[in-house]
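For clarity, chains are labelled A, B, C and D in written order, and residue numbers in each chain start from 1.
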Amino acid sequence: MQSVQYSSEVIVELIKYSAQDIDVARAAWVSTKGEASKDVTQDEAKISGLINYLMRDRHGSPFEHSYFTFYVKAPIFVWREHMRHRIASYNEESGRYAVLKPEFYIPARERNLQQIGKTGHYQFIEGTNDQYAMTKVLFEKQCIDAYQNYEQLLANGIAKEVARIALPLNIYSSAYVTMNARALMNFLSLRQHVEGSHFPSYPQREIEMVAERYEEILKEHMPITYAAFAANGRVAP
Amino acid sequence: MQSVQYSSEVIVELIKYSAQDIDVARAAWVSTKGEASKDVTQDEAKISGLINYLMRDRHGSPFEHSYFTFYVKAPIFVWREHMRHRIASYNEESGRYAVLKPEFYIPARERNLQQIGKTGHYQFIEGTNDQYAMTKVLFEKQCIDAYQNYEQLLANGIAKEVARIALPLNIYSSAYVTMNARALMNFLSLRQHVEGSHFPSYPQREIEMVAERYEEILKEHMPITYAAFAANGRVAP
Amino acid sequence: MQSVQYSSEVIVELIKYSAQDIDVARAAWVSTKGEASKDVTQDEAKISGLINYLMRDRHGSPFEHSYFTFYVKAPIFVWREHMRHRIASYNEESGRYAVLKPEFYIPARERNLQQIGKTGHYQFIEGTNDQYAMTKVLFEKQCIDAYQNYEQLLANGIAKEVARIALPLNIYSSAYVTMNARALMNFLSLRQHVEGSHFPSYPQREIEMVAERYEEILKEHMPITYAAFAANGRVAP
Amino acid sequence: MQSVQYSSEVIVELIKYSAQDIDVARAAWVSTKGEASKDVTQDEAKISGLINYLMRDRHGSPFEHSYFTFYVKAPIFVWREHMRHRIASYNEESGRYAVLKPEFYIPARERNLQQIGKTGHYQFIEGTNDQYAMTKVLFEKQCIDAYQNYEQLLANGIAKEVARIALPLNIYSSAYVTMNARALMNFLSLRQHVEGSHFPSYPQREIEMVAERYEEILKEHMPITYAAFAANGRVAP
């Protein structure tokens, strides 16, 4: 049996992108000037003012011309939520064509384990040492058993697409994800719980970990857009 | 512990719909006549000729005004493929808000268990009695163990969204799915393997079972559209 | 020459629909209960509370299972804005296949003719009698001349798709439009200027006239959804 | 009055892109290998074989991670068809915020002016000298009159959004258009009439001119993808 590996992380790598604040401004200027403004001088204050206006008044289309392609590795239960975002392109690892690797997500000790509050507005609080120990032991045992069965089925000639069906939802899977900046901000607005956001969101922590990495990348490559998003209550335009 | 239940089926119920062949014709007639043709006489031969022409020449938009809402119950590994269809609306059972029921998919004896052929064009053939017996035993044990752990975690105060993460991919989940007739035909073209189809498809059997039920419903409510789809190599317009 | 007709109106007819407040609730209940709830008792207070919660916290997907198909007749400059809404299905009258009718939009006397204020936040105020008279005279003359030329070109064997290219943007065109309730609320949020809306919108009056008719139909068929939309600052979920 | 300008061309400029054949292969390899393959060696024969297989068997998603942003200048009647492609992002020049320039499309002498054949399968043949002369004279007169009226209305304080409504459909308008390679191939399959295509298309010549320019750009930047598209009957995957 291959040795089972555990992680409490998600991986997000930026594969490629075509995304700059100036592109948002250029797209908006076509609306008001009707010209291709490829070579326009970059006056940062002007761009910043324009982007802030677009964000505040929900003119979303200029943000659609900027694109990011990510490689993401996350457990399947995260992918199930991620794939609900339809304005995105996906190519995910296939358990029909390849043997899945024995890599499983186990919550870190600091992951809150108890929920309190009302449906739809759960708050999460720290688990006890006992709770964490039990969770870890049970999950690890399940992962080992499941992967052992998977290998045994494959070894006995069962098709990959069948052998995989009882693997647990915390097995890791990888995908290419391409999203434009508008769709990305929508993702952040729904998949992060940030105080001061205009609309409340109560995402599961593990997809929020993906969102946090996306957020860093947006911030790095489109700092003005990101600042306007943050300053306007994290409402996607 | 709740007693674990197994099934080899998927459930598809038609919840509501607004879908008739005449609606396809009416939408197309707006293009050529510019009139609301709510009260048009239903000349079946004329409608049939028109729909056949639309299908053959890939005029897809008239098929978008007909809608079906399904209630579907299927294992999560099927949902993962289903959700890749983005021109559709979904509301799926949430393991964050509700305790999942101990209902698991186990392949029926007649489900082919061995794959042969090249990647991307797998053919599936019958498994031996031994293969089936082993598959069944291993899957059932895993389902019982996993659900037992799930209950134990919940009993010890672990949040539902955490407790569920190691449940196996063959646990059933339910959803409302709404698709228009055009998206539905695209689904059928990709998720059924039918001899004589213009483009080859090699779907996993379990999502094909969902597609077969969708196909029956399409055929019942839009018989002319379905006949044209079948007669034109099952190419979605 | 066919006699030219003028109108200051848009036409919106509800052709068919499958849209009720209870359907929104049912879709949401699948998420929390995992059951097809076709036959659920309709407790209006409960449905209302649920829908208000969904609207406020931006759970948009349950509103996607309700559909409306409209027949709309509006001038082409309105269609140009309407078609920017991509989550919708369209079949529009084709000037390639049919001869367009001499029906043109002329603003009514009460249509505000002067704009004041800043770009992006224009306010519109009443025109003078002279302004209105001039507008009407010039537009009518142009419509007559353009349609006369169109007929002359057709009479001389010029293809319809060519003859039509210099017709004015205020000629009427018809289309079937299908939108789900979520997309419809998004349309209303962007295409109506309503005091007290959470986000400001500055639509052109003529598309607002279409939106107002859509709004009436939404209100009639999904009164609880509409009330929640209005009560929550007209923010589409 | 500003002097009116005529043209028989459309303009397509590639503003930016992130589009290479290797990206298609990388996205597909994630499905079969589950790895980010940023640094993979580029074996052209292997990439070509893979892309050809994806095209033939309609695995469309790997083509979605490649993006093109175009600046396009075309008459409004072309934009009306273009905007029907919903898997695309648009920012078009606004006649509400800016004064439109007096630039109009007039067919070139070689543009076929007569249509023959059945509805839906029109063929176009050359016009006579008389037909062309008449078309040109009538269109030019209309453009001059319309633009003169437009300027007069603006000069008399009529709002831009009103003054523009009777401008003819052959006035030029500009936009940023962003499409991924999959959507672009779908556009080409529907908006070009190419002998040997698997499915017949009968586009209006003027949008075909835009498609031809898109095709050159696709061919230049993704030659293997383009070759596979052409070799497989120009069916978009």
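Please note the rule applied: a contact is a pair of C-beta atoms (placed from the backbone, for glycine too) under 8 Å apart; a residue touches a chain by one contact, two chains touch by 3 or more.
On a predicted model such as this, the values are computed, not experimentally measured, just so you know.
J.: Would you mind reporting the rotation angle for the C-alpha fit of subunit C onto subunit D, rounded to the nearest 5 degrees?
T.: Here the rotation carrying subunit C onto subunit D measures out at 180 degrees.
J.: Give a one-word verdict, same or different, on whether subunit A and subunit D use largely identical residue numbers at their interface, taking over half shared as same.
T.: Here the answer is same, because the shared fraction of interface numbers exceeds one half.
J.: Indicate the whole-number Å distance between the mean C-alpha point of subunit C and the mean C-alpha point of subunit D.
T.: Computed from C-alpha means, the inter-chain centre distance equals 26 Å.
J.: Could you give the separation in Å between the centres of subunit A and subunit D, each centre being the mean of its C-alpha atoms?
T.: Here subunit A and subunit D have centroids separated by 33 Å.
J.: Which integer distance in Å separates the CA centroid of subunit A from that of subunit C?
T.: 35
J.: Please list all residues of subunit A that touch 2 or more other chains.
T.: Answer for subunit A, listing residues that touch two or more other chains: 32, 61, 84, 90, 97, 119-120.
J.: Please name which positions on subunit C make contact with subunit B in the complex.
T.: So the residues of subunit C in touch with subunit B come to 13, 15-18, 23, 26-28, 30-36, 38, 61-62, 64-65, 67, 69, 71, 89-94, 97-98, 100-101, 173-176, 178, 180.
J.: Hey, which residues of subunit A end up touching subunit C in the complex?
T.: Within the complex, subunit A touches subunit C at residues 32, 53, 57-58, 61, 84, 119-120, 190, 199-200.
J.: Looking at the complex, which residues from subunit B come into contact with subunit A?
T.: 75-77, 79-80, 83-84, 86, 90, 96-97, 105, 107, 111-115, 119-120, 122, 124, 127, 130-131, 134-135, 138-139, 141-143, 145-146, 149, 152-153, 156-162, 164-170, 204
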